[in-house]
């Protein structure tokens, strides 16, 4: 590893990393919100709406992020949607993630034992309270690792934003690679940054999970 | 004009799609096996098992797949292990997807009441049989939506295997686009093929969901 | 050493990204282009057979370093920075930077007309560096947009988000020739003469291979084979130096 | 305890039942219900007066739990009517009938508590939190007040000491008492019990019996599915015997347990009487 | 059924207990167990002979379920010894003791069945599959044979018709019978029951009683935690009364239910006797 490279490209790589984190965090948050709303709407059980949501999920999941991003960025203006690169990137990431998050939440809802909800219903608890106080906590225990999976995948999808000239990590690293041809170093830098982001995220998630599951006395599958 | 260009290139795109499907399927299978094994090891292999599993998950979720591919294909030869491109591609996909799948299973297991494995223990089931017959089937059922997510992501991530020289769908469409300067048409075509494959995966998922429903 | 190995095996393994017409491209399933024809001639001179590998650019240089193949035959502009890391062959084509505009755009007829307009180019490429230098020297006010992929700057040009794209003349000429209703090259090229070369590994192990390739290229250049190939693909020929030129930046 | 058990179980309901001013709390008229092909309830009719305790007994699979679940509309019913305090449960009055909006269902359920056979305690909340939750979310009590009321009720069912334990750390009987406390704390007008004593030891059964008698004395209406005939005999004003989704016998405990002419009922009770005369 | 209930419950165990050739099936000696700070079992000693039926009764939270779970080592015990057919449960014979390898534990559990209070049926398998599963996985029977044996046992507990239903489509009593069938089909040497009748109606209680009597006649040893005193009186050779983690009374049903001098036992049974004399 060339120290000279670090001193020359360090600042721009760091700012690129900052941009990556910013786009990822906002896009993920947006995706989670949209996904959750979709999963909730699906629970209404209204067939036409479900068909529409299903189609949305399958199309968004089924096509590459790059394609969606280009459609949004280049096709958007013809629908009066003039987004600059970074906002387009964030919105695109949010839409892309929302389809996956919606499915994760849908699966989570299905795994909550009916009896818990029935008990709350029979006490007259309003749906909002049942959702917040009963369904979400029991569901989160199960879906948290999967949610984290998806967030991690989205950290890496942000590289696609570089194609819209969003100055994120990949975009900056590309400069270093093109100017110096130091391809291994570029790859190494990328690996370290992404691993760092993912590790911090996983550790945070581990903490949250420990708090959520502290009432489970034993791990499944372990002998007493 | 653009139709003839499409028609001329369609066979190559389809061939690329075939490669994408084949490598992804192999990666998926490998990932399911590695994922289930990792999850079992982390939950019942004691502290050492948990640690090994945690390191594995941390690395393969943390480091971008592109880099994993380059490592397997270019770095392993440096220590004397030469892997053919196709093997490197399948191994990388399987290892990466295994890390995600193991986490999906780990979450699902939290939703299975402890009493169920106790009942099996009390009947004299071995731990491996409890995993095979009681826990994993249920974890699988609970996780189908998340697993289908993962399959679709894996299929799309397989576009990266071109870095080891495997001509899969995305690569073929890029090449065709660069030669013909018909970017839009080629990418639209490739996108459509991805959509169809992913649609099939999703259908498979909802079929499995319905089949395995017990309520 | 590498040359000896190549000779012994009878094959020269080369790699490039086959998405760079007219140098490297795939039609159907056949590899075509200037590089292909040149390396075939070079291999003939060396008495071996060329074996081509198509890789995304990301993995071309790592592959070279990992010795998955012996030579990169992608056309690369020589810069000082790059020289420090890799061994370059003598030029295989001229690479003078030029501009491309939309086909019907009458407001740009010479390079200086980009004043007050937007220009797109590949991030980190020497052509982009040159146009920036050019604009600064002439006191032009230009907004630059930098893309990770040069192809994308063409797409942006077609879509009207930029008014001109910068790249090497051969590339631009070819693109404009393929879609004459969309693109037009702004002539003359604005840049200083620069050249494309191929890339090999640095170091003693590989020195003899690069020397052998250079020797073959020089011979091909001299006897007119190279000019014929350039004529076929670019419609024109140009004088190329027969030694590795000193990079100007 | 002894004062309560001195009462003659048969005389109390007789007095209540003949009271002409009593408006019916629950009216079930010709209710039928199927799960797919299998009909589980057939033309069930039953009236429960205010402050009355009715026990549902009968063989396994006869539809007791299903009937109970229809009363607070956790299960839809296919035909017939169920009314609580005069209001049709789950459907609007018009024909063809449509489901009422959820808000209306919620109002109904606020006044109809239910204790589940499998307790359905929320695993991520302690015993105390399980009880306090609905007080805050439904009754709108401030957290502190909800907590102190929950503490009082849990103490009353003998759980003062294990209040802060999570359900999976509680014994079966302890869990069951939390489930009962959760409902009682809400002070509903009607409580539906699905085998409230199944996990309780005889002493606790006696205590729950006492809790229910107190509730009855306070004017609580209760419908209780139970397999404990002794419990039914002592707590019930009326006993309904279900078999194959039909009510085949109905009357005072004395009548059902000792005077029934129905062969099915006699046969059902035979082993019980035998077993408990030791 | 009537023939069985004609037997004098007290005479049978007396005969067995005095048989000098009987080797003890389960020996529990000075077992203690704590969950964190709370001690749940204190110095419990109990011997169960071959073919004997012992009922554990006592108030909620007294440690009955915990003791049962220690017997097949679903719960570790802190001090003392539990032996089944002479073999120490869960630990090696050396001091300081270490846990035995899982394979040995598995062999033990193969011969010690357990029916759980909450049934713990596997929700992804039908009733039939629940019963057949262990026959294939543990006993190694071919699938067809396991299936036909499972069918036979399910028919015996009256579930021939709902054999192919998943647990969540079964009523409480039906689930409980599946849980019992699952264990009985394995033909263990000992069966541990945790409140096997809690979800059963009186008639079914009678039937389970009959099943257990048949098992006892075939030489099965059983330990039964129950809250149904009538059931205990009729099925048990011996009754142990637990309170606060201690065995405070032990003897024949007649002795424990009618002759005990322990005030705690008398108090415990009082409400029960009152309730069931109607």
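The letters A, B, C, D and E name the chains in turn, as written, and every chain counts its residues from 1.
By our rule, contacts are C-beta pairs under 8 Å (C-beta built on N, C-alpha and C of every residue); 3 or more make two chains touch, one makes a residue touch a chain.
Quick caveat, the model's predicted, so the values are computed rather than measured.
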Strictly by the touch rule at the top, which chains does chain B share as contacts with chain C?
A
Interchain contact steps from chain A to chain C (minimum; 1 if touching):
1
Quick note, more Cb pairs in contact for A-D or A-B? It is A-B
Compute the centre of every chain as the mean of its C-alpha atoms, then state which one is farthest from the centre of chain A.
E
Centroid-based (C-alpha) most distant chain relative to chain D:
C
For the C-alpha superposition of chain D onto chain E, the rotation angle in degrees, rounded to the nearest 5, equals 180
Based only on mean CA positions, could you tell me how far chain A sits from chain B in angstrom?
18
Centre-to-centre distance between chain E and chain D (centres being mean Cα positions), rounded to whole Å:
30
Compute the distance, rounded to whole Å, between the mean C-alpha positions of chain A and chain E.
50
Quick one: report the Å distance separating chain C from chain E, using the average Cα coordinate of each chain.
83
Provide the list of chain E residues touching at least two other chains, using ranges where the numbers run on.
74, 102, 118, 169
So which bits of chain C are touching at least two other chains?
58, 62, 65, 155
Touching two or more other chains, which residues of chain B qualify?
66, 70, 114, 116, 118, 121, 127, 215
For chain B, which residues count as touching chain E in their complex?
113, 115-116, 118-127, 129, 133-134, 137-138, 141, 212, 214-215
In the complex, chain E residues that touch chain D
1-2, 5, 9, 35, 57-61, 65, 117-118, 162, 169, 171-174, 177, 194-195, 198-206, 209, 227, 229-231, 233-234, 253, 257, 267-272, 274-276, 278
Quick check: in the complex, which residue numbers of chain B touch chain A?
40, 43-44, 57-59, 61-67, 70, 100, 103-104, 106-112, 114, 116-118, 121, 127, 130-131, 135, 142-146, 148-150, 152-153, 156, 159, 170, 187, 191, 194-195, 197-199, 202, 215
Can you list the chain D residues touching chain A in their complex?
72, 74, 102, 106-114, 116, 118, 120-124, 133-134, 137-138, 166, 168-169, 182-183, 186
Can you check the complex and tell me which residues of chain C touch chain A?
58, 61-62, 65, 79, 81-82, 85-86, 122-125, 145-149, 152, 155, 159
